[in-house]
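This report concerns only the one structure given below.
For reference, chains read A, B and C in written order, and residue numbers begin at 1 within each chain.
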Amino acid sequence: MTSVSIRDLTLKFGSLEVLKSLNLDIDEGEFLVLLGPSGCGKSTLLNCIAGLLDISDGQIFIGGNNVTWSEPSERGIGMVFQSYALYPQMSVEGNLAFGLKNARMPKDEIEKRIARAAEVLQIEPLLKRKPAQLSGGQRQRVAIGRALVRDVDVFLFDEPLSNLDAKLRAELRVEIKRLHHRLKNTMIYVTHDQIEALTLADRIAIMRNGIIQQLDTPHEIYNRPVNLYVAGFMGSPGMNFIEGELSHHSEAALNFSSTKVPLGRYPFASDDRPGKAIFGIRPEHVSCGAAASDEPFSIDVEIEVVEPMGADTLVWAVLDGREFRFRVDGQSELRAGQTTRIGFDPAKASIFDAQTELRL
Amino acid sequence: MTTIPAPAATQRPIRLFRNKAAKIAAIPMILTALVVFMGGTIWTVVFSFTKSRLLPKAQFIGLDQYERLWSSSKWGIAIENMVIYGLCSLVFSLIIGFVLAALLDQKIRFENTFRTIMLYPFALSFIVTGLVWQWILNPDFGIQKVVRATGWESFSFDPLNNQEIVIYGILIAGLWQGTGLIMCLMLAGLRGIDEDIWKASRVDGIPAWKTYLFIVIPMMRPVFVTTLVIIASGIVRLYDLVVAQTSGGPGIASEVPAKYVYDAMFLSQNLGQGFAGSTMMLLAVLIVLIPWAYMEFGGRKRG
Amino acid sequence: MADVITRDTAAAAMTAGRMEGPRGAKPKRSISPRNVFIYGTLLLVSIYYLLPLYVMIVTSLKGMPEIRLGNIFAPPVEITFEPWVKAWATACTGLNCDGLSRGFWNSVQITVPSVILSIAIASVNGYALANWRFKGADVFFTILIFGAFIPYQVMLYPIVILLRELGIYGTLWGLILVHTIFGMPILTLLFRNYFTTVPEELFKAARVDGAGFWGIYFKIMLPMSLPIFVVAMIIQITGIWNDFLFGVVYTKPDVYPMTVQLNNIVNSVQGVKEYNVNMAATIITGLVPLFIYFVSGKLFVRGIAAGAVKG
């Protein structure tokens, strides 16, 4: 069943269209991540869903109700913010109770809900403290608790982990996932961090300039990006892109300089066969050394820079005059200046029309 | 708890009633802006073209009031005084304020004490300031007498009773009262400058005065501009200080426009002159304000 | 590093002349000519700034014969508090001879309600402007800020008419309203700028929690912003206490604020001039703002800097 539904949502600031006739359906219990660079409209979209921004056009449904013009507190949502947004002068308990008091809920019910949320989030010992006395991780737990006590169907997260250091971020990420498994609420989660998106999401919506580029499972988005933008955005280090000419003699192939990459194994998604295309292959889909010769395509490259990163090593090389990155095992002995053989399976590649930038 | 309102919410609410509480709360501001500031200003400008004397009278006589104003020697002196006082206080308070701020910015000890001392006059009213300086400059008891008592019998320093230099006597008091503020603003400006600028200029071996002159001061342009506007609006308002120190005397030698307007409106029952005078003051302010507002806000919008 | 150096140099500079400078290769320490220059200049300047206060105090403590014979910079030979008593209780303005006390209490009655009213209105205005932006708000705000630069003289008479229509011309309440009006631009700017620095997410969180315009103002914003309210109070108390023009225009002699009465006492042409009483009266009038100034310290600086903050 659909939990949140957005129909033709448009938002303009003056003449600037921030969100363009956007449609999105989120299933009940789904974890949806809105992913994109800053300024892509993801947070704006979340604020529209929360009712914190008045939209210019369109409709928003939450739990089957049209909430397009309802107050934020009447929409059945809870929200967690990047800066935690805890009320500094209230204790943790006061923070959790504030929304319930505003809704004129009986005292014993408030206490019951706070106790339950504190138990779920393991913040019972903190209830009497002020936010200033809490660590970043504890603050974010309280912020989540504030959404939790509202007992709502939809949780909205606006970059909740961005203010935390790397280690805490990883911890809380797991905790949010656990929370989702336990509560089974619908969650909409905004982030610019693709690791968060890939690890948490049931589906990811990648946004750019107020338009959803691709809405799909993390696996599909990673392996079958629908356009050049998504392909370039996902993955770190990013995909290698090589522009070349498509030829279709006996089998399809990509030609650039003196190199010809056979595309017989590539599952073309469309029937368009433009002349110019962009070939993309992820650094981790490239093998090196002895394994390279087993791949359907292999070639010699000259190594320019080697960046050991512990578990693996990133190699910057030159493939027939183009910059080319690939990832090898951290124990590899490759050195700058060497020439080595690399290979990959074109079936794992992504090919885009150079003009429309859409997947072929 | 999540009672969702009925289909009524699907209708776009009427613009006017959205944010209702905020709009109601802003009513005092809207009334002040529209009725007092805009309405009052327009009213005064309009009535400056009338024959009003004891009471405002909507009998229009064109530019007569302005002709009379500019042919009045009292107004002429008032304008002259404002220009002298204005130029001097602008130059001196900017220079003194900046130099003091630069001295205080040398990571010195007792910075707070020095700043407290230089700023306290600003807490005092112009009346208090004027009366104190009237006393210090008193020829029979003040500085002149003290210096003469040391044996320099011919020493003369009596600005408040000398028509030629009375405005400078007022200037001394005005600067004493106001430079502390300018110093504080400049100090805040200096503190806003990146420490690394200083490090870089030291590494490059640029002498401190050159760094101030060619790097720091240009970087402080916004501070200078705001300070300038503050000083300028103070100049036009100059009134209390004159009243306390000299009451416009000797004779009419230390008249200023604000005093001319007050006297015309409330003492000599000559409202029309008061309106014309205040309109001229408004004009003077606009000449400063409009280019500033244009630079500050107009340019930003396009950029 | 710099701190350590300045601490030493400063200490040395204060005792400059009495201490031998360290001889050694290390440059830039202790009594360098640079420090002598800096501290010397600052000391001279400080004396200049303090002199009027000093003169005011010593004059107010001397008897008239001593003033006539002596030097205004000399400390009193015989300390007398009579001028203070006279200034407070019996100094004459025109027909009234009950001293500054009347003006003092008038000023208190003007200042207290004006400060409360102007801050209450301006803080709500600033909050509405910062957090509840509505169409047209910026236009009114711009007019308001421009209004702060319009010479008061331009609006003096229209306000006389306005107060007359309201039936409060010449009364304390009329003056209170005037102070509230003219305090509005700077205070609204102050509060607006402050409230915009409150993280927007806090405001959003409160809205999700179901708090409305007043709920957020009283329960979230107000408890968070006590310092800025203190700053506003400093601006208003000193500003209103020191006002002269509005007092003289909008009140009648029996409700004149202290500054107006002070000027009338000192600059009255009748009788023999009693300079000691005049200076005592002057100092008494300046006491309230001076007290605020010395107590508030850094907040006062913040308050005046707020006047320079751009919108």
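In the analysis below, a contact is a pair of C-beta atoms (placed from the backbone, for glycine too) under 8 Å apart; a residue touches a chain by one contact, two chains touch by 3 or more.
These numbers were taken from a predicted model, which means no experiment stands behind them.
S.K.: Can you tell me which chain lies farthest from chain B, using the average of the Cα atoms as each chain's centre?
M.R.: With centres defined by C-alpha atoms, farthest from chain B sits A.
S.K.: Based on C-beta pairs in contact, work out which chain pair has the most and send it over.
M.R.: B-C
S.K.: Quick check: how many Å separate the C-alpha centres of chain A and chain B?
M.R.: 55
S.K.: What whole-Å value do you get for the distance between chain B and chain C if each is reduced to the mean of its CA atoms?
M.R.: 15
S.K.: Two or more other chains touching the same residue: where does that happen in chain C?
M.R.: Residues of chain C touching two or more partner chains: there are none.
S.K.: Quick check on chain B: which residues sit in contact with 2+ other chains?
M.R.: In chain B, the residues touching two or more other chains are 18.
S.K.: Indicate the residues of chain A shared as contacts by at least two other chains.
M.R.: Within chain A, the residues that touch at least two other chains are 74, 103.
S.K.: Please give the residue numbers of chain B that touch chain C in the complex, ascending.
M.R.: 15, 18-19, 21-23, 25-26, 28-30, 32-41, 43-45, 47, 56, 100, 103-104, 106-110, 112, 114-129, 131-136, 138, 141-142, 145-146, 149, 176, 180-181, 184-185, 188, 222-223, 226-227, 229-230, 233, 236-237, 239-240, 243-244, 247, 257-258, 261-262, 265-266, 271, 274-275, 277-279, 281-282, 285, 289, 293, 296
S.K.: Can you list the chain C residues touching chain A in their complex?
M.R.: Going by the criterion above, the answer is residues 199, 201-202, 204-211, 215, 219-220, 223-224.
S.K.: What does chain A use to touch chain C in their complex?
M.R.: Checking each residue of chain A against chain C gives 47, 50-52, 71-74, 77-79, 81-89, 98-99, 102-103, 143, 146, 158.
S.K.: Using the touch rule from the top, collect the residues of chain C that touch chain B in their complex.
M.R.: On the chain C side, the touching residues are 2-3, 6-7, 10-11, 13-14, 38-39, 41-42, 45-46, 48-53, 55-56, 59, 67-68, 71-73, 121, 124-125, 127-129, 132, 134-135, 137, 140-141, 143-144, 146-147, 149-159, 161-162, 181, 184, 188, 212-214, 238, 241-245, 248-249, 259, 262-263, 266-267, 275, 278-279, 282, 285-286, 289-290, 292-294, 297, 300-301, 304-305, 307-308, 310.
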